[in-house]
Amino acid sequence: MKFEKFGTGIAKGMVVTLKHLLRHPVTNQYPEQRLNPSRRIRGNELVWSQKRCTGCGTCAKTCHQGAIRIVTSPNMVSNRYEVVEYEIDTGYCIQCGLCVEACPYSALYLGRTFEKAKYRRGELVQSKEIMLERPDRPVSGYFYPQFAEKLPRQTLLVERITEKK
Amino acid sequence: MAEANFNVISQISPVTLPPDWPGGFWWHFLVFTIIIIAFVMSMVIGFMYFERRAMARMQARLGPNRVGPFGTLQPIADAIKVLLKEDIIPTKADKIVYWLAPVVAFAPVLMIFAVIPFQNGALLADLNIGILYVAAVASLTTVGIFMAGWSSSNKYSILGAMRDIAAVVSYEMPLVLAIAGVVLISGSLSLNQIVLTQDIPFILLQPLGFFLFFFAACAEINRSPFDLLEADSEIVAGFHTEYSGMKFAMFYLVEYAEAVAMSAIITTLFLGGWRGPWLPPWLWFIVKTGAVFFVMVWVRTTLPRARIDQLMAIAWKFFFPLAVINLVITGVEILFFPVALPWVMVLINIGIAGVLILLWSRFFQIGWGRVEV
Amino acid sequence: MALKTEPFALNIGPAHPSTHGVFRMRATLDGEVIVDLEPVFGYLHRGVEKLAEQRTYTGFIPLTDRLDYLASMSNNMAYCLAVEKLAGIKVPERAQYLRAILAELQRIASHLIAIGAFLNDCGAFMTPILYMLREREKILDLFEMASGQRLTYNFMRIGGVSQDVPEEFLPALHRFMVQMPRFIDEYEQLLKENEILIARSKGVGILPKDLAINSGASGPVLRGSGVKWDIRKADPYAIYDRFGFDIPTGIMGDSYDRYRVRVEEMRQSLRIIKQAMEQIPAGPVRAEVPHLVHPPIGEVYARIEAPKGELGFYIVSDNSIAPYRLHIRAPSLINLTALREMIIGWKIADAIIIFGSIDICMAEVDR
């Protein structure tokens, strides 16, 4: 090893590090400041619409993990073919979104949450009552631009000017 | 013999403590032991926090800021966590040596502080061979580290311990020769006298000595850019791979306490110790030690680490000749220009230092290449 | 009287802070010098090629994400190109341009991690890698805007791209392109002339030109040894023949050259993205392809220039909804062929650096 540049390479590096002392840090204090995730975030949970679902099973066939379970039966009382059970095991689900793309009746959407951890593995299986559309289960705009427009804008790091200070 | 003709002002600080304060040998010993232990512990904790925050700000992030106001209690939280961990001893380890190693590594570091002056005359023992005592005691830590590496019966540990011995032994020479330059100018080995003779801080009179001492100290205490001892990416943690719990905490403390000790010694030898205009002397001491430590942190954040054979080559082929030349030039100046104005010597010395570093870096080549197998 | 020394075996083992993944090197050491090396891998084998026979063509795309998880878009693109070549599907123009932009952005992101991890192995304690992760965050924000996820995108489909990018994508991309060259200059100032880095990596781990070609290396490893071979110029796929860019090559084939090649490739990727952004037309982004694709009976091999080298997919189809056999030519595995020749004779510290400069991802090696 020769000190070919007489130590100027090392000195230049140390100037860069010192300059960073005077800049804003780029990290985020998580529980107090939450950034807006993308409008198309493929969250942990799914949202199902009972009105539009016909029990065709395309989503279950498309899911390559085998995480969707559908049980249907003809209901003699109300004279309708209805979906008795609709369960998604979110432990198997990898949030790829292929089921959402495959549904021909637009009855399945991805949710926006990413903070829903559970304590027991059994609680990860979501049955149809949990998955119904509700105001507190926001729907993500993945594959459905009409929902994406109504969601807040994503925070981008390129727009936070950190190098001027 | 021609002494350096600097005015020794012994009344610069209004309070001069007698060597027996507060009365009797044993009281003096007890009070100062408590002061030293308290000082070392609080400085280690403060420096740990300071290093994490400063390094984090240089890396565009914040440091720890959750535990306590602005994260000041973080080192204490780390200490409590480490104390609560399970103490695992490998079955093939040499039990007595394994148990003794952290103690042997930590005791000499505390002993260094016995001769460092916090104020005029405020030392545990004003030995008149002060700096020689420091140089002798500071290398005893290596014995502890080798004991740790050997008794762990782990190939990574023994590799780390061997590297450490090679590094420390190699860097003793430039360290001691840089000290010798300072001693020549001040005329005494006692640290209190060295501070008292520094009208001009010796960093200006001995720039080359400062440069050599700083990097040799970094190598002695295994900090970047010479921290191949505990190189995370190569030998998983070097000599303290098999340690957990309080023994690991002792090794961690040893690293920071040695950093504090070396910063304190650099302050005393080169920056003027406790001298300064308005603040109380012990506060100046802490501020200067902190400044030296900041430079160590800055170097650690920026530079990658050197390899073991490059480390040894830098010690023997780059630093050692420069140290000898520094000593010779200092001796010549003292002998032939005893009445020269100090500022002329400053300029000459800085010029010589710059020229030597440039020349040496141009002409020397170190490190082996590939070994034929 | 000579000292008698005995070599001993050391396991630079699967669980090590700095092998990139679970990779085991069984080294025989004499002092600190490595005299023999035996690489052992397979700790991360998941049977991806067999799983392909049980999923449909479209259902396999999420699994290709997880091959080289640091360059998901390139993996998706290689697979979709292979199936489209076999089935004869034509991809619309806007989708081609979007694919090119996303693949080049992915190349920048992957090289940032490669350089950062290499410097971390050299010992620079996280500072360079944190600076590079900051730029990678900006790229990941763009990917999140388009596809919804930050690491495993599942964005390309057979016949195009899954959906059109939102309208704030191109302005944000333009803003990123304006800021990025300055940051690359800052990294160069930090590291390019650093004497310790040069001492650690120049002349270390030389891969001679003929050995590189004979062992099948590709990507920056091959270009660092002086061979000017880039699939985007030699065998152009998609629309890469419409862009003008250079191919950086090294001179000696040591670790320092591989690092320089990656930095220059980042600059060339910025050039390609700029040209693509100017030329992109409007239009559909997905061809009319049925959900279950039935390619005709036959076999195909398609390859792209992934950030780590030449990534190829070999598919044998028998006109059903799943491939009959699918094989992945992983660049990281083939680049490791010459590992033993590169490392023997150096010390342990150099072994880690040489291994880091090849830049592998264990998920690709083991599949």
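Labels for the chains are A, B and C, by order of writing; each one numbers its residues from 1.
Here is the rule we use: contacts are C-beta pairs under 8 Å (C-beta built on N, C-alpha and C of every residue); 3 or more make two chains touch, one makes a residue touch a chain.
Computed from a prediction, not measured in an experiment: that's the story for all the values here.
> Whose Cα centre is nearest the centre of all Cα atoms in view?
Answer for the innermost chain: C.
> When the contacting C-beta pairs are counted for A-B and for A-C, which pair yields the higher total?
Here the pair linked by more C-beta pairs in contact is A-C.
> Approximately how many whole Å separate the CA-defined centres of subunit B and subunit C?
Taking the average C-alpha coordinate of subunit B and of subunit C, the gap between them is 44 Å.
> Which whole number of Å gives the spacing of the CA centres of subunit A and subunit B?
Subunit A and subunit B have C-alpha centres separated by 52 Å.
> Subunit A to subunit C: how many Å between their CA centres?
26
> I need the residues of subunit B touching at least two other chains; which ones are they?
Only 58-61, 301-303, 310, 366-367 qualify.
> By residue number and range, which residues of subunit A touch two or more other chains?
Residues 1-4, 7, 10, 13, 16-17, 20, 26.
> Which subunit C residues touch at least two other chains?
In subunit C, residues 127, 131, 134, 190, 194, 196, 199 touch at least two other chains, as defined above.
> Which subunit B residues qualify as touching subunit A in the complex?
54, 56-62, 298-299, 301-303, 310, 313, 357-358, 360-362, 364-367
> Inside the complex, what are the residues of subunit A that reach subunit B?
1-4, 6-7, 10, 13-14, 16-18, 20-21, 23, 25-27, 29, 162
> Considering the complex alone, what residue numbers of subunit B touch subunit C?
55, 58-61, 155-156, 159, 224-225, 227-228, 231-236, 300-310, 366-367, 369-373
> What does subunit A use to touch subunit C in their complex?
1-5, 7-10, 12-13, 15-17, 20, 26, 37-42, 62-64, 94-98, 101-102, 110, 140, 142-143, 145, 148, 153-154, 156-159
> Hey, which residues of subunit C end up touching subunit B in the complex?
8, 10, 16-18, 32-33, 35-36, 119-127, 130-131, 134, 190, 194, 196-197, 199-200, 203, 344-350, 352
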